[in-house]
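Here subunit A shows up in two complexes: once beside subunit B, once beside subunit C.
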Partner chain A sequence: MTKKQSVLFLAFFILIAASVLPAQTPPAVFEQPLLVTSAGQSSGDAQIALQLTKKASLTATLSKAGTSKDLENQKTLVLVLGASMKGLGSAGLDTNKEKERIRELVAEAKRKAIPILAMHLGGAQRRGELTDEIINEFLPAAKMAIILRSGNQDGLFTKICKSTDIPLVEVDKSLDAVEPLKKIFKK
Partner chain B sequence: MKQAFAIGLVVWAAVLGVACRPQKARLPGPPQDRHAPFNYIGAKGMVVAAHPLAAEAGLAMLKSGGNAVDAAVATAFALNAAEPFASGIGGGGFMVVYQAATKKVTVINFREKAPAATTPAMFRDKGEKQAEWRQERGTAVGVPGMLAGWDYALAKYGTKRLSEAAARAIEIAETGFPVGPTFSQINKDEYEKLLKNAGEGTCYLNGGVPYEPGDVYKNPELAATLRRIGREGIDVFYKGDIAPKIVAAVRAKDGIMSLQDLAAYRPAEVEPLQGTYKGYTIYTPPPPATGGLHILQLLNIAESWPLADWGHNSPAYIHHLSEAMRFIFADKERYDGDPDFVAMPLARILAKDYAKEVRDKIRPDKTAGAYGYGKFDPVQDKKENTTHVGVIDKDGNIVALTQSINDFFGTGIVPEGTGFLLNDHMADFSTDPDSPNAPRPDRRPVSNMGPLIMVKDGRPFLTLGSPGGTRIFPSLGQIIINIVDFGMSLDEAIEAPRFFSYSVDGKVRDLSVEPRLPEPTLAALRALGHKIALKEPYDKYFGGAQGIMILRDKKILLGGADSRRDGVGAGY
Partner chain C sequence: MTGTETMSLNRFVRAALLFALTVLVCVLSGREFLSMRAADAIYPSPGLTAARALSDYFPALKGTPGDTPVYVYAGPKDGGNVLVIGGAHPNEPAGFVTAVVLAENIRAVRGKVVIVPRANASGFTHSDPQEGSPQRFPIATASGERWFRLGSRVTNPIHQWPDPTIYVTPTGQTLAGIEARNLNRAYPGKAGGNLTEKVAYGIMELIKKERIDLGIDLHESAPEYPVINAIVFHENSADLAATAQMELQAEGFEFRLEASPPNLRGLSHREWGDAAGIRAILMETPNASHGRLKGKPSIGLIIDGKDKFYEKAARLGRLFVPFGPDGIPLRDRVARHLAGLRAILAGLTELDPGKAVEVEDLPTADRVRVEGIGAFLR
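Up next, the complex of A and B:
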């Protein structure tokens, strides 16, 4: 085998290995405790996120319509992206008020140097005009994102995460997010 | 070599055989785009339902010689297994039956009843927590009527046994099926309630979290419950050992139901309410099902308007109908109750001259702003009195059945080991203890259901119904107008963009619309004073209508099923 052949073989091997091995979960970058809140009032999705953090043995609090005050003593903010008209109605919020609430929360997190983990657990069904507006506006503020693959069929998350250098973890089922959660939070 | 040649020859012959076999003409299947209007076609019989497995269960019953009532109950059972979030044996409903032989229409009312310990102020007294007590606590559970109603219908108008009607549902619950996007999304929306009331280990969650599309949902406990009911009859539910499980589950969540409440439950067979619209006669259940009542009221008001001239979903059309809905809601709030206990001025509400009075209050150039109810002599009428299934059999018998456990996944309370969900229909009572619809012992809460059968020149033309709470009568009214005034085909009428508005205490509420309506239309409506609330393009908020149209001249049946849910038709 010539040197050129060896290099080509090695490159081929690396390419195959990269395509077969699962995407690497980024290293532990977040700390506990964490505040889980909805961005768009799809409250079921926020509850799922809380349940996943429990399964990952993390110390988390859910405040579906959390405000800056709720960030007191928190070390991570989890934004669960997804709009629900029903949820907004139940929370007595309209689109503008909800966006304003999240803007203030994100700004406060930034002031306090609290990193943001974005999650999207609604899948394809939880995509739509308003959800997309929320994703476009708030995903770039995240340090990392964990999403259901079915919610990224059009590559919106990939596109934003690539352009803003945000590590993106895609999972097939919401329960599959437990392992990455365990890995990205410091003990 | 010879062997290879021989094998090749056999394969080739087989291919030729398949290719040359006379092919059955195939009807085109539903289009790729689930929202594109598509009418299912049948010649002898048709079933429409909110889940394909349920529609198939009904069709199998028709093909095996069952009549429309048998097929409706088989479909209803199957819906409990395949669409458990919308209806089931823990709920109730209304069935309209048309008997072809006698041309008689009758209604079976198996709406839930309030337990004996109910008090008028029981929800008002909970203050800010009243929504939780009406929807998620044990006090939310009305005495279920579903099984009693199905059993009554089968015994009087069917030909099959309860066990035969339940057979396909048992198979579905046992073997399971991959959930679709609708199930998954609703499962996520109602997750908190399920987690709280059914618990992490419930079959309504998958490993403690909601189902994703493609996950297989099974409910072996429901299968076992249905098998017992089929074998032992409905007494095992109302008086046997399922009853204490229901009571224990309700009471564990602070409810008030007793064994006596369950044992005392009876369905009622009543005369249908009837009204006319442009030469069609509409039969629908009377109150406490008020959907049909207010469909008739809406159509009466709209009957003299130049709807076709205004144009479908034009600003003028939407404005006038929305205003009519707001006036109807004022009457609804003032008068609707259980007619077994409350005098309702039905004749006046349905009178054409009362419709004119309402019409006269509606201005073409702006919203009224205040919506008063009609003032009637309250004693002029005697005290008489949410998924939808439609079935027609080969003899022309028809069933329109709307049934529900109220909110999706009901209360989320599951009696131990039974696999079925309990309703939250006590939420349909008013919180106002002075309302005609205040919660009181033994009463049935007002329902928005409105299954209907439409007749033209003495012959059935259409059966229709929908879930959707307060949106039922506005949505069904729009579908009927789409067909009668705008000449749409059935599914075109069902899929067309919808709108809804209402009033509370005489005050205007938003005009909710599907954003498929063009922006200039919305701008024109804003200019008339409407505050627009945009929903999803095909929003479940507006219901999930199912219908069957009978085209006698063409000797075909058209089935229309709403893509806002997972509706399908199955004909033969």
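Up next, the complex of A and C:
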């Protein structure tokens, strides 16, 4: 490779990196405080989301079965996507009631212009028919999504996010979500 | 001697031989049967600060098959108090063996660790009928093979009989009658209840008297059961469970987080939190030897965790954990429990520094996987 070629290659690499990096670390678009709720009653995943917000020094409240009233004074809604039949039973909800609750919450967030951050932290083992229904219905309402890469092996998140122009941040481990969370929330 | 007399003599000799053979079989099998009542030896580490019995906390258990050793490891620095229970279900060997590994290795530096390796001591004295399970399994150590009992999920019916048609737990849940002998359905126990309820009551008394802050109950579940490779948590421990799970994931251990259902009564992760107000966590590892899809029960299945039927079930997508030709050996299950314990203790320190518990010489999961369990048994 000649010197000229090397310089050209380096310039091309910098150009590519510059165009890719912003997509991986989106700018601060969300505000605090935030309401974390489960979409599908996988309460463990919702709890992980809450702990991640704490590690990112964000002001967050967890309401596993939050309603539109809980959005009072909130500036961001975090929907933790993932269904658990055990969780639904424990919360005294069935699939239809849970979907109806999320629909109302999303509608209220839209009415109040509260942006939605979607998260999927259960990985491959949390995917399944009901979780997929929830992802398909509610992910398009999000302004951004942070997910565990292992939950996107079939590309479902990628497909929906691409078609709806939602920035998608994939992480290998839940703890890796702390840094993106710090970056996408205004101080 | 006439022919009739000779026939009578032959008949007598045959009968006597048959009788002697029957007696021999009864003696040998009886000795084998009764040997199950001898408890496995546990050799506590030099870090042990007090050896007690459950009856020290609830004297009504003294002299009963429900009494069981309690090992206390108190550190020189103030901190929290943690209870670790193994053997609540004696057919789930990783829980029991992990508690033994802890007891034989640790030294507390801050706070206190209380270990009950054989929580349901009666359950270790028998096997589940018609299962054909081995009575014992060996673990090779530097000082030779050590054998451990594989017991039953429930209390020995010789010690608690008969089962009711329907069992109503101390907190009012109705269950099948056999569950009356299941320690992990009997919490918070009853002072005047059946033997299993008395053991549960004794453990609640221990929690009270040792001023326990966090209780950890070590279990195993069948690979076809959805609550597996899991941390089950009382809602008061949700932050701790999530913090531990994230640390474990970062170390390469995938654990499901399962919230303890408030309407499922009698279990440690529910009643320890509700009745005693302590943080409560239960951990499950995958154990093919007590699953329903297994092939022939054997010592190999317990130790190596290999089973062709589970492999097939995994290929058909019927399991909740990966299951390949290498199986899921006891060594890996104990390593997983140890990793979970370490992450939970670290999480407790992070979330509630005043209740921190620090221990030395807690074997790491990596070392157990590489060197084997026996390297950490005396």
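Keep this in mind: the second predicted complex is superposed on the first by the 164 of 187 C-alpha atoms of A that agree within 3 Å, B and C clash if a C-alpha of one lies under 4 Å from a C-alpha of the other, contacts with A are read in each partner's own complex, and residues count from 1 in each chain.
Note that in this section contacts are C-beta pairs under 8 Å (C-beta built on N, C-alpha and C of every residue); 3 or more make two chains touch, one makes a residue touch a chain.
It should be emphasised that the depicted structure is a prediction, and the values quoted were computed from it without experimental measurement.
Superposition note: with subunit A as the common reference, subunit B and subunit C are in steric clash. Contact with both subunit B and subunit C is seen for A:44 once the two complexes are overlaid on the shared chain.
In the superposition on chain A, contact of A:93 is made with neither subunit B nor subunit C. Set against each other, subunit B and subunit C touch different numbers of residues in subunit A, with B touching more.
Shared-chain residue A:29: touches no atom of subunit B or subunit C.
When the two structures are aligned on the shared chain, A:56 is found in touch with neither subunit B nor subunit C.
Judged by the touch definition given at the top, the superposed model places A:128 against subunit B, while subunit C stays out of reach.
Mapped onto the common chain A, subunit B and subunit C collide along 419-427, the only clashing stretch among 5-13, 293-301, 311-319 or 419-427.
Residue overlap on subunit A between the subunit B contacts of one complex and the subunit C contacts of the other covers 43-45, 47-48, 51-52, 84, 86-87, 123, 125, 173-175.
Subunit B meets subunit A in the complex at residues 181, 184-185, 187-192, 195, 206-210, 212-213, 215, 515, 535-536, 539, 541. Of all the residues in subunit A, the ones that touch subunit C in their complex are 43-45, 47-48, 50-52, 84, 86-87, 89-90, 123, 125, 173-175. Across the complex, subunit B is touched by residues 42-45, 47-48, 51-52, 55, 84-87, 121-126, 128-129, 148, 150, 172-175 of subunit A.
The touching residues of subunit C, counted against subunit A in their complex, run 226-227, 231, 233, 238-239, 241-243, 245-247, 249-250, 254, 256-259, 261-263, 320.
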